[in-house]
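First chain written, first letter: the chains are A, B, C and D, and each begins at residue 1.
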Amino acid sequence: MEHFLDQVINGLQLGFMYALIALGYTMVYGIIKLINFAHGDVFMVGAFIGYYGFAKWGMPLPLAVITAMAVCAILGVVIEKIAYRPLRYAPTISVLISALGVSLFLEYFCSLRFVFGPNYRVVQRPFEEVHWVLGGVTFNNIQVMVAVVVIIMLLLLQYMIYRTKIGMAMRTVSFDHDAARLMGVNVDSVISVTFAIGSALAAAGGVLFAIAYPQIQPFMGIMPGLKAFTAAVLGGIGIVPGAVLGALIMGQVETLTAAYLPTQLRDAIAFAILIIVLMVRPTGILGKNKPEKV
Amino acid sequence: MDMGKKTKMNLGKTAVLLLITLAVYVVMKALLISSILSSYWGLVLDQALITTIGALGLCIIYGFSGQFSLGHAAFYGIGAYAAAFVSKTYGHGSMAWFLLALPVGALTAALVAFLIGLPILRLRSDYLGIATLGFGIIVKVGMDNSNRLLPVLGGATGITGLPQVAGFDIIFLCTVMTVLLTRNFVQSSYGRACTAIRDDEIAADIMGIDTTRYKVLAFVFGCALAGLAGALYVHRYPFLHPSSFDFLKSFDFLLIVVLGGLGSMSGTIITSIAWVFLLEGLRFVLGQQFLEFRGVIYALILVVIILLRPQGIFGGKEVSVMAPPKAIPASGKEGPHADPGN
Amino acid sequence: MLTVNNIQVYYGAIQALHGISFEVNEGEIVTLIGANGAGKSTTLRTISGLIRAKSGLIEFMGQDITKTPAHKIVKMGLAHVPEGRKIFPNLTVHENLLMGAYTKSDRTEIAASLENVFQRFPRLKEREKQHAGTLSGGEQQMLAMGRGLMCKPSLLILDEPSMGLSPILVEEIFNIIQEINQLGTTVLLVEQNAFMSLQIAHRAYVLETGRILLSGTAADLQANPKVRSAYLGDVIE
Amino acid sequence: MPILEIKDLSKNFGGLKAVSSFDLTLEENEIVGLIGPNGAGKTTVFNLITGIFPVSSGSIKFMGQDILGMKPFKITQLGIARTFQNIRLFKQCTVLENVRTIFHPRVKYGLMDSFLHTPRYSAEEERITEKSFELLKTMNLDDRAHLTAANLPYGDQRRLEIARALAGEPKLLLLDEPAAGMNPSEVGTLVEMIRFIRDHFNITILLIEHQMGVVMNVCERLVVLDFGEIIAAGLPEEIRNNQKVLEAYLGKGVVSA
């Protein structure tokens, strides 16, 4: 039982990180209906910048996180401007292919020797890992840090979306671009803001990831990106609480499978659950199935 | 125009197509025999043709039927494994077993496609994409652990020592057959039913087309082609590894079909070949010193093409030998005339 | 106030507007009438910047807005209440109204506008905290109009405000339009319900397949047998 | 036996009554108009007949057969065809392909014939093409057979939808605003075409239309819908002078105007 609770805590840690990435996927999808395949790679860039920040440039950890978030926010906006915006009126599949191209570009570019290089790097944490036992359940300071950081970010995001003008504008753009334009909303800038926020969250996720599973390399974004995206679909893509819900489920499924079933089956079970959920609810757990107007 | 003229035109196009392929075959064969094309480039050429077969499968599924699949490589892999199993266990390099392994690969992929397609093809667009992507990952996990079920499949280490019995001739023949079958299918009433579903699924349903049935049909046919491609692949390259069939491979097929122009067989064929040669060509042009730039350049080319040609290179058009003959009504026979008053 | 000069609009290869010209003067209610598919909504969408005209000129308050993006046109004082209302169903009534004042930043001004709208539409006040998606059709139309008024526009464009409403509600809506106009807002109104809109309008234009067929004062057009026949269907000659 | 018999049909969306207690009987070879203001529920009636939405209550019988709960494609194959208010052509296909596609349920060759382009395939394709051209000719579209449907002007797209519907060899044709977006001369032609179709193909037509010119000219009977309920039914002349209809349809001022 205690072992089980330990696993739940591990799953929570993983789920929280997925949530940070999934939010970017879901916000972008909500607003321009694009599966932004480059998002996982923005997460990777965030991890590297954070790592350079605290390990090489001697920044205090919070500053390194903020630097990574700022760099990635700019990166996200630039990607959107160069690779997605020119295709605003093209078929969505063209944008998706562009996103794939950007994703590959980031991976290979970061693998270049004069950038980050192709090899794994072990991350030296800026602090010692400390374990605590509470009521028989073991947890450590990394898990606490992840939980605190993620919850703060989620609350900030929630505040921004529901309590600020730009958040309201984002909600209207995700409903209907034209209707938002008629209110005087500059849809292009709202899209830029969305990319900036989503990318910044992914960057924060990246730094946390680098610290929690202390290893980084240029292709590290692929699998977490895919899992986070799956989490967003599981919860109902385009819906912010859905992304968090989906991510927490994914985190639990993965750690529990790894703990109680052959570890190799981890990914298979996670995706099998996704398929089964979609069979029952074709637009995800919190998704609303809008019938098409005839 | 008399009855049967259209038939003749169709036969005429087929004849032209076969003549062109024959010419291509002779030229390629000559280049290979005279070693102007080294055995290395011969291998690349075969890979290009195999990719064409698989990509035409996705062209049917996505380009002509509108079913967004991100798991095409899974069926390519299923075909490869099924064929490898036959050849490794029974064939040991025998040609007859190889010829049997090809349909086994295609049919296994088709069967799996039918079983998975029936439930998941109810999903629409991106949801279908992500479900097929998930299926692809499940299949990949299956391959990684295949040795638990059948030790001969090798699990995560893959299979070595497969008999390399597939040569240019048979691969070329399979490609030509695939091109003809796809073209014939697309230009039939069944193909039209699929295209209608792609353009407007609800309208197709209300106009009397059993959409579930034709979505599954297109999916099964397309996946069978992927299976055939996989079966050829394992008999051409001596080493089979699960990582050749992961979701990145699915993206390869997808970007070929989209860059070629959705709904264009010609575009798919030309892009498949160009893409495989581009990848190898880059290796050649960059040389050892700059090889690490290959991925970056590849990615940039991809983004630039899609920005310049968002509709794909062929944008749904066909070169004339692949296009359907232009149907013209029989003259002399009067249709009913509305001939409205004003 | 608004001059539209010979605009041509295409959807892909299809020409939707074949050179439409008309004008709206300050203080007027001008109505565009015509059957479904005549190009009324397309005209409005072109004016408010949602669609680009291929050729022609649109001037608002003396400025060329032919190529101005939609969000800037709103800021100039032109509010467009679109066909089908397009209220934001997941936002509350209050938030919907705030969106109407998106271009404004002065809080006291916004509060005053809000007060104004609530005075005109007391039903909205009652439902202030509800999600807009839960409103009835008539309430949604009121919300859409109230939202349009939040930016204190000098020109209010209304696209099919009567659609799907019961006759009593239609009458109420038309009364409100008249009131809004009397308080100094110029109105450009598109309606299927031709006779109703001719009654409150000063001038009107009749559209047919992307062209202006007739124009004149509302009273003249109301009496014009051609308009009557187009709508009431006397035998086609 | 009536071709279509609808009894006490109702449809609710959430709490909203889109159609309530709707009755309609169509006899063979009639042309009947279904009119009413925007949002009155006319298209919903079409959607219920063609099986797009499940019915809340009531019954629909087509040629004596209960068609409630059938899938749309099955209903169409029984002999009901329709057009759409918001044109729904197969946009990327040519005009000819749009029509040829609809012959599919009755095509006389199998999948193998398709793959191999057998003589049976060729003969049947020949037949389908001929018939399609006949239909295109009927709708004055035969000279545009090879254009992409999306590039046709609205009027042509509407007529193509009719041609496509006829390719299903229906007994009952539902037309949803066939004249929308057409210019007056096209509308005049359309009226002739609708009559011709009825006589030539021997079918029953139910049509929704806003342009009263079309309705009054072509329909033998009218049913007026407002807020999902029938407010009047009868001959065009009767409807034209029915004050309730005039008010609901044209606005309250019309009578005094």
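Everything below uses one rule, namely that a residue touches a chain if its C-beta (ideal position, glycine included) is under 8 Å from a C-beta of that chain, and two chains touch if they have at least 3 such contacts.
Values in this document were obtained by computation on a predicted structure and should not be read as measured data.
Asks: Using the contact definition given at the top, which chains are in touch with both chain A and chain D?
Replies: Chains in contact with chain A as well as chain D: B, C.
Asks: Compute the centre of every chain as the mean of its C-alpha atoms, then state which one is farthest from the centre of chain B.
Replies: It is C.
Asks: If you tally the C-beta contacts for B-D and for C-D, which one comes out higher?
Replies: B-D
Asks: Please tell me the distance, in whole Å, between the geometric centres of chain B and chain D computed from their C-alpha atoms.
Replies: 39
Asks: Report, in whole Å, the distance between the mean C-alpha point of chain C and the mean C-alpha point of chain D.
Replies: Computed from C-alpha means, the inter-chain centre distance equals 31 Å.
Asks: What is the distance in Å between the mean C-alpha positions of chain B and chain C?
Replies: 52
Asks: Just how far, in Å, is the C-alpha centre of chain C from the one of chain A?
Replies: Here chain A and chain C have centroids separated by 42 Å.
Asks: Please output the residue numbers of chain A that touch at least 2 other chains, ranges allowed.
Replies: 294
Asks: Which chain C residues touch at least two other chains?
Replies: Answer for chain C, listing residues that touch two or more other chains: there are none.
Asks: On chain B, where are the residues touching two or more other chains?
Replies: Within chain B, the residues that touch at least two other chains are 202, 206.
Asks: With chains as vertices and touches as edges, which is it: line, ring, star, complete or other?
Replies: It is other, because the touches fit no line, ring, star or complete pattern.
Asks: Write out all the pairs of touching chains, ordered by chain label.
Replies: After working through each pair, the chains in contact turn out to be A-B, A-C, A-D, B-D, C-D.
Asks: Residue numbers of chain B touching chain D in their complex, please.
Replies: That would be residues 3-4, 6-7, 10, 14, 181, 184-185, 187-193, 195-196, 198-200, 202-211, 217, 263, 316, 326-327, 329-330, 333, 335-338, 340-342 of chain B.
Asks: Chain C touches which residues of chain A in the complex?
Replies: Against chain C, chain A makes touches at 165, 168-169, 171-172, 175-176, 178-179, 181-187.
Asks: Along chain D, where are the residues that touch chain C in the complex?
Replies: Residues in contact with chain C: 37-39, 150-155, 177, 179-184, 187-188, 191, 210-217, 227, 240, 247-248, 250-254, 257.
Asks: Across the complex, what residues on chain A touch chain D?
Replies: Its residues touching chain D are 293-294.
Asks: Could you please specify the touching residues of chain B with respect to chain A in the complex?
Replies: For this pair, the touching residues of chain B are 68, 119-120, 122-124, 126-127, 129-131, 133-135, 137-138, 141-142, 144-145, 202, 206, 247, 251, 254-255, 258-259, 262, 292-296, 298-300, 302-303, 306-307, 310-312.
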